[in-house]
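In this document, chain identifiers A, B, C, D, E and F correspond to the written order of the chains, with residue numbering beginning at 1 in each.
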Amino acid sequence: MFAHNKRLQYTVRVQETNPGLANLMLEQFGGPQGELAAACRYFTQYLAEDDPGRRDMLIDIATEELSHLEVIGTIVAMLNKGAKGKLSEAAETEAEMYRSISGAGNDSHVTQLLYGGGPPLTNSAGVPWTSAYVDSIGDPSCDLRSNIAAESRAKIIYERLISCTDDPGVKEALGFLMTREIAHQQSFEKALYSIQPNFPPGKLPGMPQFTNVYFNMSDGDASQDMRGPWNNEPIFEYRSAEPAVDGGSGMPELTLRGDEAQIAEQLALRTRSDPDSDPTTGAELGMAGAGEPAKTPPASGGGGRVKGRGAKSDPTNGPASR
Amino acid sequence: MFAHNKRLQYTVRVQETNPGLANLMLEQFGGPQGELAAACRYFTQYLAEDDPGRRDMLIDIATEELSHLEVIGTIVAMLNKGAKGKLSEAAETEAEMYRSISGAGNDSHVTQLLYGGGPPLTNSAGVPWTSAYVDSIGDPSCDLRSNIAAESRAKIIYERLISCTDDPGVKEALGFLMTREIAHQQSFEKALYSIQPNFPPGKLPGMPQFTNVYFNMSDGDASQDMRGPWNNEPIFEYRSAEPAVDGGSGMPELTLRGDEAQIAEQLALRTRSDPDSDPTTGAELGMAGAGEPAKTPPASGGGGRVKGRGAKSDPTNGPASR
Amino acid sequence: MFAHNKRLQYTVRVQETNPGLANLMLEQFGGPQGELAAACRYFTQYLAEDDPGRRDMLIDIATEELSHLEVIGTIVAMLNKGAKGKLSEAAETEAEMYRSISGAGNDSHVTQLLYGGGPPLTNSAGVPWTSAYVDSIGDPSCDLRSNIAAESRAKIIYERLISCTDDPGVKEALGFLMTREIAHQQSFEKALYSIQPNFPPGKLPGMPQFTNVYFNMSDGDASQDMRGPWNNEPIFEYRSAEPAVDGGSGMPELTLRGDEAQIAEQLALRTRSDPDSDPTTGAELGMAGAGEPAKTPPASGGGGRVKGRGAKSDPTNGPASR
Amino acid sequence: MFAHNKRLQYTVRVQETNPGLANLMLEQFGGPQGELAAACRYFTQYLAEDDPGRRDMLIDIATEELSHLEVIGTIVAMLNKGAKGKLSEAAETEAEMYRSISGAGNDSHVTQLLYGGGPPLTNSAGVPWTSAYVDSIGDPSCDLRSNIAAESRAKIIYERLISCTDDPGVKEALGFLMTREIAHQQSFEKALYSIQPNFPPGKLPGMPQFTNVYFNMSDGDASQDMRGPWNNEPIFEYRSAEPAVDGGSGMPELTLRGDEAQIAEQLALRTRSDPDSDPTTGAELGMAGAGEPAKTPPASGGGGRVKGRGAKSDPTNGPASR
Amino acid sequence: MFAHNKRLQYTVRVQETNPGLANLMLEQFGGPQGELAAACRYFTQYLAEDDPGRRDMLIDIATEELSHLEVIGTIVAMLNKGAKGKLSEAAETEAEMYRSISGAGNDSHVTQLLYGGGPPLTNSAGVPWTSAYVDSIGDPSCDLRSNIAAESRAKIIYERLISCTDDPGVKEALGFLMTREIAHQQSFEKALYSIQPNFPPGKLPGMPQFTNVYFNMSDGDASQDMRGPWNNEPIFEYRSAEPAVDGGSGMPELTLRGDEAQIAEQLALRTRSDPDSDPTTGAELGMAGAGEPAKTPPASGGGGRVKGRGAKSDPTNGPASR
Amino acid sequence: MFAHNKRLQYTVRVQETNPGLANLMLEQFGGPQGELAAACRYFTQYLAEDDPGRRDMLIDIATEELSHLEVIGTIVAMLNKGAKGKLSEAAETEAEMYRSISGAGNDSHVTQLLYGGGPPLTNSAGVPWTSAYVDSIGDPSCDLRSNIAAESRAKIIYERLISCTDDPGVKEALGFLMTREIAHQQSFEKALYSIQPNFPPGKLPGMPQFTNVYFNMSDGDASQDMRGPWNNEPIFEYRSAEPAVDGGSGMPELTLRGDEAQIAEQLALRTRSDPDSDPTTGAELGMAGAGEPAKTPPASGGGGRVKGRGAKSDPTNGPASR
C-alpha cells in the first residue's frame, strides 16, 4: 500500500513563472524517459517478481520514482502558475493573450489551452504518455538490463534540461533528480550481476555456428569498414554478408494442402499481372498535353514520358524563376 | 544505399499453414521487441553517429535486422497463405469461414479480415507498431545500453516462440534469429566498453551526497526489507525514506510578480471550495429512497449514507442469490 | 513524497491460476477506466491545485488509487503465475504450449508471449495505456465533474468483472475496489457542490438567446420525437433545426488581402474540376469487358456502367451459388 | 440517416487569415474536448440506447455536434486560406516561406506542410484524434455523467479560445458554440436525474463497511490535513490509512497446483539473485579512473563509488564554470 | 536479404546547420507521407505477394524507399549537427541554450531535448510514426491504388519542403526524392492496369440497383447543388436523399430469444428515464443565485434557466468590458 | 448543417444476437477502412475545398458515409443486444458468464466488458480509431487518388465480412454498403480526371533524368528479375542500382561554422570508441563458467565465446530432449 507525505522529497524553489521552460520540463514528467515511465516500469516488474531481494529493490525504487514524478510535476506546475491565472481570469487583452499563449516558441500553448496550466502527462511535443514506452518482458536478466539503460537515458535528459535554465532552484532540484538516476543505475547493475549466469539471457543456447559471427552487411571502401572490439577475433568471426547462410535455397518453402493449393492458384489467376500487356494508365489520362484524354490516350510508345509542363521551372531553383 | 538479394538470409521452410501460429509470430515482426523496432533503432542511430567504428557497426547490424524482418515476415506470410486464399476466394461456406476466422483463439482474425493475410506491422494483439518503441536519445553510452537491453529482450521473445511450435522449419529459422540477437548483444557490449569512461553517462557528475544513497522507500517487517549488493555498503549508504532530503521545507516555493499574484488570488477566490458548507450533491439527488428528490433532498445528516437497494445482494456472492 | 508498505490495502487470495481471467482483469489495471488512469487523473490535478481542501482530497484519493493499482495488479500477477512458469521453463511440449497460449479465447497470449506473465499496462485487448484517457483540463468545476463520471464508470467495470468469476477471494477483493469507487464519487460530489456557483462552469455566461434552447435535429414520426425533462418547457425552448440561427447567410465569409486573393484564385484555376468534361477514368480502364483498354476506352455514354462480371452471383447469397 | 444543409448552423465571419490562430482552434476540432469527440460520444451511445427518450435526445445532440464540427472546421479553414494558397503556389521566396511556416510560434507548420491548409483532425499540438477520448461504457447513468463532464470541459476550452482572439466574427461564432455546451449539459443533467435511483450506478451495492469511509492517505501537519464536506461526518467516517483493512495478512495468497509449484520453483532458482554476492558490474567497468577495466576491475570495496570526473563542475552551476 | 552500400543514392550537401529546417524535414522521415511509411508499405506487400512481376517490382521500390529514408535522414542529421554538439557539450550559457532550443518556432526542441539531435521517427509535430499509416489490405488492385495515391501525396510534401529552403544542396536532394515519387507512381499505375479487369475490385459485384446511383445528401440552393461528370447521366442516376432505400421500414429489426428478451426488458426497466418527471439536477444545485442550494433547490419552473452572473459580460466582447 | 432522420438509409434486419460476429463487423465501424474514416476523410476535405463541384460532391458523400456508419453501427448494436442484457443484469452464473465473455474466440470480450455492448470506435482487435488513418493532404489530385484507393479498400473489407455470415439480413445490408463504395469510387474517379492535367500532381516537374527511370534494386537470378509494363521501355529506362546517381561522392557534406566544428570535435573526442581496445564487457561478467566474475574476468582471447550451458539442448529441438 502506498502512503503520501505532503512534503516533497526535495524542496522545489522556482524564481519566476515561465511556461516555455515548463514545456521543456514535461519531457521528464510525461515523456518517454520521464518519471512516470520509470515508476510504471519498476512497479509492474515488482508485481510479478518472486525473488525477494529484487522485489524489495523494485518497489523501493518505484516508490522513489513516484516521488520524483511529484517533484518534476511541481516544477511544471509552479512555472505555469502565472500563465494559468491569466488565462483562467482572462486578465489580458485578447491580443496580449494570443501572444502569451503562442510566444514561447515551443508547445507551451497546449498546456495552457488544453490543460489549463496543470501538468499534463505528455512530453514536450504534447504527445500523450503511452505504456508503449515501458519495455518490461518479465525476464529478470532482460528487465534489469532495460532498467540500466532507462536510468542512463533519464540521466542524460536531466543533464540537457539543466543546461537550459539558469533558475538556481530549478537547477538544483533537477540536479538531485539526475543524481538519483546514477544511484538507481548502480543498484540495477548490482542486481543484474548477482544473477549468475545472466548471459545469454534465458534458457536456450544459440546455434554455435552463428553465436559469435559478425556479418559485414554494409559495403564500402576498405577504409570505411571499421574493425574494433565489436567485430574482432577471437570473439567474433568476421564474415561477408551472404544470403542463405544455412546452405539452403534462401527461398521460402511451404507445403499447401491440396484444396489450399487449388484455391491459391485460383486467386493467383484472378489477380495476375500481365507482363506482356501495354496498358494505358490513369496517370497517362491525366498528363499535360494528352489532349482530350478519354478520347485519345497517349501512345504508350513515347507520349507516356513525363515532361515538365510548359511554364515550369527546375525544382532545384527558387520561385524567382517561376 | 540499400540493395536487396532475392534470397533470404536464412531459408524458411513451413510445414503447413497455421494462421493462429502466424498471429503469435507477429510479435517479432511488428511488436515492440521485434525486428522492425531493431532495424529502426540502429538505423536512426547510424544516421546521427560520427564515430566511424560505431557508425559502421550500427549500419551492419541495422541491415541485418532488416534481413531478419524479411525472414520473420516470410514465416508469417507462409503460415497465412492457405487462409488468405480461402477468404479471398470465398471458398468455404459462411459458417465454415466464420469458424476459420475466429477459431484460432487469438487475434488471427485481424490479419485475415483487415490485412488479407499479408503480414501487418502489428504485434500479436493487433496493436500497430509505433516508433514510441524506439528509445534512442542520441548519446552513445545510453544508446548502446539500450541496444544491449533490446537484444536481450528480443532473444527471450524468440525463445518463447520456439516453445510454441513443433514445425521443424519454423523452429530452425527462429533459432537462427534468436542466435543472432546473442551475437549482436555482444557487439554492442564491446562497443559500450570501448568508450572509457562510460559511467555515469554524459558530462555532469551527480551531487556527491546522493550519488550512492539507497533510500528504503517501502516499509515492512525486517524480514521483508532485503539487503543485497544493490544496497549494501560500502557502495551504497542505506537510508530510510524521508522527505525534504535537502534540508528545506519540502514545500514548493514560487515568487509570483505582483500582477500574477493578484490574478492568482482572484482565481483562487472564484473557485474556492467552502470547507464549512454542507451541500446537497447530485449523488444524493440520485439515491434510492430519496423520494421525490428535487422536492425533498436528503437530510445531509444521515440520509446521505449509501445503502444497498432493497433486493440487492452482497457483491461477493454469486447471482444465485439474486 | 510517497512511501510504500509491503502489505496490500486489501488482502488478495487467488484460488488457482487462470490466465484468461487475468486478461479480463487488465481492464482495471491498464484500461481506460482502470486504476492507473484514476491515480494519474487525481495526482496531476493535485499538482496544480491551490485550494487547500481540494488539494488534500486529491492526493488522498490519488494515493489510494495507487494502492488499488497494486491490488488489481497483484490479482493479475497471481492468476498468471502458473502460466508464467510453464512458458519460461518450456515445461510443456510445443503443442501443449501452443494450446495453452491460445486457448483462453481472449488476448491472454499477449501477456504471456510479450510480457512474460507480468501485468502489462494494457487493457484486455492488449492496447497500451495512454494518457489520452485522462481528461483533466485544469478547471476545478470541470475536473470534479470528470472525476465523478470516472468513478461511476470504474464502479460498473468492477461490477462486470465480479460477474465473471466465482473465485471467492478474487470476488471479494474486486468488491472492495468497487466499493471504494462509490466512496470516492461521493467525496468528489461534495467537493463540487462546495464550490458555489459551479454552473455554468467558468467565467463567461452563454448568449442568453441560445442557453436554454433545445434543437430537434433528428426528424421522425411524431411518436419518435420524444419529450421529457431534458427538453421540456419552461427550462427549455424546443425548436426545430434550422441553419443560420444567427440570422445571417450561413455561409462562411472571409476577407483575403489583395495578394492572398490573387494567389488563391491562381490555385483555384490550376486545380479546377471541369464540370462540363466527360473524362475517361482509371476505373473505366479497369472494367471487365472494356477490351484492350488502352486502345479502346469505353464509350462514356454507356459502357461506363458497372455490370456484374459473367460468373458472379448476388452478394447477398452464399457461396453455394458461386 | 443524415442529411446536410449547405448553410452552417451559425454564420462564420473571419476578418483575416491567421494560421497561428487556426492552430489554436484545432483543440475544438480534433482535440480531446472538441466537437468530433462530442459527436462520436453521443452518436455511439445513441446506437446502443433502447430508452426512447434518451435515444432521441442523444441523436439530436449528436447531430448538432456534427454541425458544430462544421462550424469550427470552417473557422480553421478560413483562417488558413491565405497561407494555403501561398504554399501551394509557392508564391513567396523560400526564405519568406520558411518564416511564414515557422513563424506562428505554435504548431501551425503541421497544418500547412502536412495537411496543406485543410483542417486536420488533430489537437493544437498536432496529435491525431483517437477514440480513446470517448469514454462511453454502455451504462446510462455513467454515460450521462460522462456527458455532463464533457460538456463542462468543452465550455471551458471555448472560453479560453475566446480570450485569445479579437476577431469579432470568430469571437461570436465561438460564443455560440460555447453557449450550446451549457444547453447540452442541462439536458444531460435532466436525463440523468430522470433515472431514479441513479446512485450508486449499476446493480451491485458496495460493501457497507467501506462505502462511506474516507481514508487519509497523505500525512502532513495537522494544518495540512483538511476537513470539509468531502470527508466530514456523518456522511463519511474519517480513517487513517492502514494496510489490510480486511483484517487479513495483506500479502497475496495463491494456491499453485503441484506441477505449477514445481516449475515456479525451478524458474525462481534459475533466476535468483544472490544477496550475498559482491559482483563487479558493467557500471564499474565503465567508471573513470578504473584503469584498463578489462584487466583490473575496480575493487568492489571502494572504487565502486562514483566520483566526479576531474574537470567536472557542480550540476547546479552554469557552464561558466566549465 | 538486404545489403548496404556506404554511399547514399544521392549525395547530400548541406550548407549550414538549421534545426528548425530539420524539424520540417521530419515529415518525410517519420511522417505519415514519409519514406518509412513508403518502405514499410511496399515491403510488407512484397512479403505476401505471389505474382512474380508485382513481387519483384514491390521489393525493388521498397529497397529504393529505404535508400531514400537514408537520404532524408542524413539531411535531418546534418541540419541538426551544430545544435547537437552545443547541447551535448553544454557549450552555451543556459539563457542562450534556452533560446536556441525554443527559438526555431516549431517543434525542433523535441529533436534536441529528447532525441539528442538524432533524426527521430516522428513527423514535424513530434508525433511518433505508427503503422496505422500503412493502409495495405492484401488485395493487389486495392494496394496498387493505395500505392498510387501514396506516391502522389509524397510528391506534394516534397514540393512543399522544396518551397521552404534556399539551401541549394538540400533543394537538389529533395528534388531527386520528389522525382522518384513520380517514377514510382507510374510503375504502380502500369502494374494496376496490367491486371484486367481491376474494377470493381474483388470478386463480388455490387447490387445493380445501387451501383451507379448518386445520392444528393446535401441540400441547398439549386445553384449550390453542382452537377458534373461525377454525378451526370448516363453513368450516374442522380437521386435525392431518402431513407430506407430498400423499401423497408428503415428501423432496425432483431429477434431476441425468449430469455434474452426478458432480460433486456429487465434492463430497460431498471434504467428507464421518466419522461414525466421534473427532477432537480446537479446543475441546478450549482447555479448562481440558487441560494443555499442543498436546502432550497430552485423551483424547476423558472429558476432553472441559466442567467449570466451579475458582473459578467457578453462572451463576444473583449476583456476591456470585464 | 447536418440533420438526421430516424430511419436508416437501409433497413437492418438481424436474425439473432452474435457478439462474435459483432466483433468482426467493427472493422467497418471503427477500423481503418471503416465508415468513420470515410466520413472524416471527405468531410475534412470538403471544409477546405473551394472548387464548387468537388465541394458539393465531397459533402454529399461524407453525409452518406455518416449514414453508413449508422447502418453498420446498428448491426453491431443488434448483434450485441442479447449479450449486453445478460452482463448488465448478471443473468448467468459467473462460470457461464466467463464462458460467454471469452468464448467467441476473438476480441468480443472487449465490447462487452469495457463498452457494455455499445458499438465502440475500435477495429476488430480493439484498437481505438485514430485520425492517423485519414491521409488527406489538401491537394485535390492527391486527395481524390486517396479517396479512390480508400473506396476500393472498403469494398474489399465488406466482401470479406459478407463471406463470414449467413444471416440474410446482415448479408443484405452489408451488400448495400459494399455497393455504395463502388459508386463512390466512380464519382471520385470522374472528379479526378475532370482536373486536367492531374499528373504529375502539383506544380513542380521532376528532374527529367530521373522521372522515368526504374532502378533494379533487388538482385537475383535473371529469372527472378521480372520485366513488365511497370519497368519496360520506352516509358521506363531500366537501370541497375547504383549509389550516388548524381555523380557525386555519395557521402554527406556539411559545412560547420568554426565554433560548431570545434564543439563537435570535442563531443566526438569525449564519446569516441577505441577500436584498439579489448575491453571486458558486462556480457562477459555474466557468462556461465566465468567463475567468480568480479574477481576473474574471462580472458578475452577465448573465454568470451558464448557456449551453450551444460544441460541445454539445441534450440531447434523440442522440449522432449530437455
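Rule of thumb we're sticking to: a contact is a pair of C-beta atoms (placed from the backbone, for glycine too) under 8 Å apart; a residue touches a chain by one contact, two chains touch by 3 or more.
This structure is a prediction, so every number in the text was calculated from the model and none was measured.
> For subunit D and subunit E, which third chains touch each of them?
Both subunit D and subunit E are touched by A, B, C, F, going by the contact rule given at the top.
> Can we say the copies subunit B and subunit C touch using the same residue numbers, with more than half in common, or are the two sides different?
Comparing the two copies, subunit B and subunit C contact each other through largely different residue numbers, since under half are shared.
> Given the two chain pairs D-F and E-F, which is bridged by the higher number of C-beta pairs in contact?
The greater number of contacts lies at E-F.
> Please indicate which chain is farthest from subunit E, where distance is taken between mean Cα coordinates of the chains.
With centres defined by C-alpha atoms, farthest from subunit E sits B.
> Going by the average position of its CA atoms, which chain sits the greatest distance from subunit C?
A
> Per the centroid of Cα atoms for each chain, what is the distance between subunit B and subunit E, given in Å?
Distance between chain centres, rounded to whole Å: 24 Å.
> Using CA atom averages as chain centres, what separation in Å is found between subunit A and subunit D?
The mean C-alpha positions of subunit A and subunit D differ by 19 Å.
> How far is the middle of subunit C from the middle of subunit D, if each middle is the mean of its Cα atoms, in Å?
A distance of 12 Å separates the two centres.
> Can you tell me which residues of subunit E touch two or more of the remaining chains?
In subunit E, the residues touching two or more other chains are 1-9, 32-33, 53, 59-60, 63, 67, 74, 77, 84, 88-91, 93-94, 104-105, 107, 114, 116, 122, 125-128, 130, 132, 137, 139, 141, 148, 156-157, 159, 162-163, 166, 172, 175, 178-179, 182, 185-186, 189-196, 199-200, 203-204, 206-207, 211-212, 217-218, 224, 226-229, 235, 241, 243, 250, 264, 267, 270, 273-275, 277-285, 293-294, 300, 304, 306, 314-316, 318-319.
> Help me check something: in the complex, which residues belonging to subunit A touch subunit F?
141, 192-193, 195-200, 203-208, 211-212, 226-229, 232, 234-235, 273-279, 282-290, 293-294, 300-302, 304-309, 312-316
> Contact residues on subunit B for subunit C in the complex?
20-21, 23-24, 27, 31-33, 90-94, 104-107, 123-127, 156-157, 159-161, 163-166, 217-221, 224, 241, 243, 250, 264, 267-268, 270-275, 277, 279-284, 304, 306, 314-319
> Using the touch definition from the top, list the residues of subunit F that touch subunit E in their complex.
Residues 5-17, 32-33, 52-53, 55-57, 59-61, 63-64, 67, 74, 77-78, 81-82, 84-86, 88-89, 91, 130, 132-133, 135, 137, 139, 141-142, 145-146, 148-150, 152-153, 155-157, 159, 162, 169, 172, 175-176, 178-180, 182-183, 185-188, 190-191, 193-194, 199-204, 206-207, 210-218, 220, 224-231, 235-236, 241, 243-246, 248-257, 259-260, 263-264, 266-267, 270.
> Give every residue of subunit F touching subunit C within the complex, in rising order.
1-7, 50-51, 53-54, 87, 90, 93-95, 97-98, 101-105, 107, 109-110, 112-114, 116, 122, 125-128, 139-141, 148, 159, 162-163, 166, 168, 171-172, 174-175, 178-179, 182, 185-186, 189-196, 203, 318-320, 322
> For a test of understanding, state which residues of subunit C touch subunit A in their complex under the given definition.
So the residues of subunit C in touch with subunit A come to 1-9, 30, 36, 40, 43-45, 47-48, 59-60, 62-63, 66-67, 69-70, 73-74, 76-77, 80, 84, 88-90, 114-122, 128-132, 134, 136-139, 203-204, 278-282, 285, 293-295, 297, 300.
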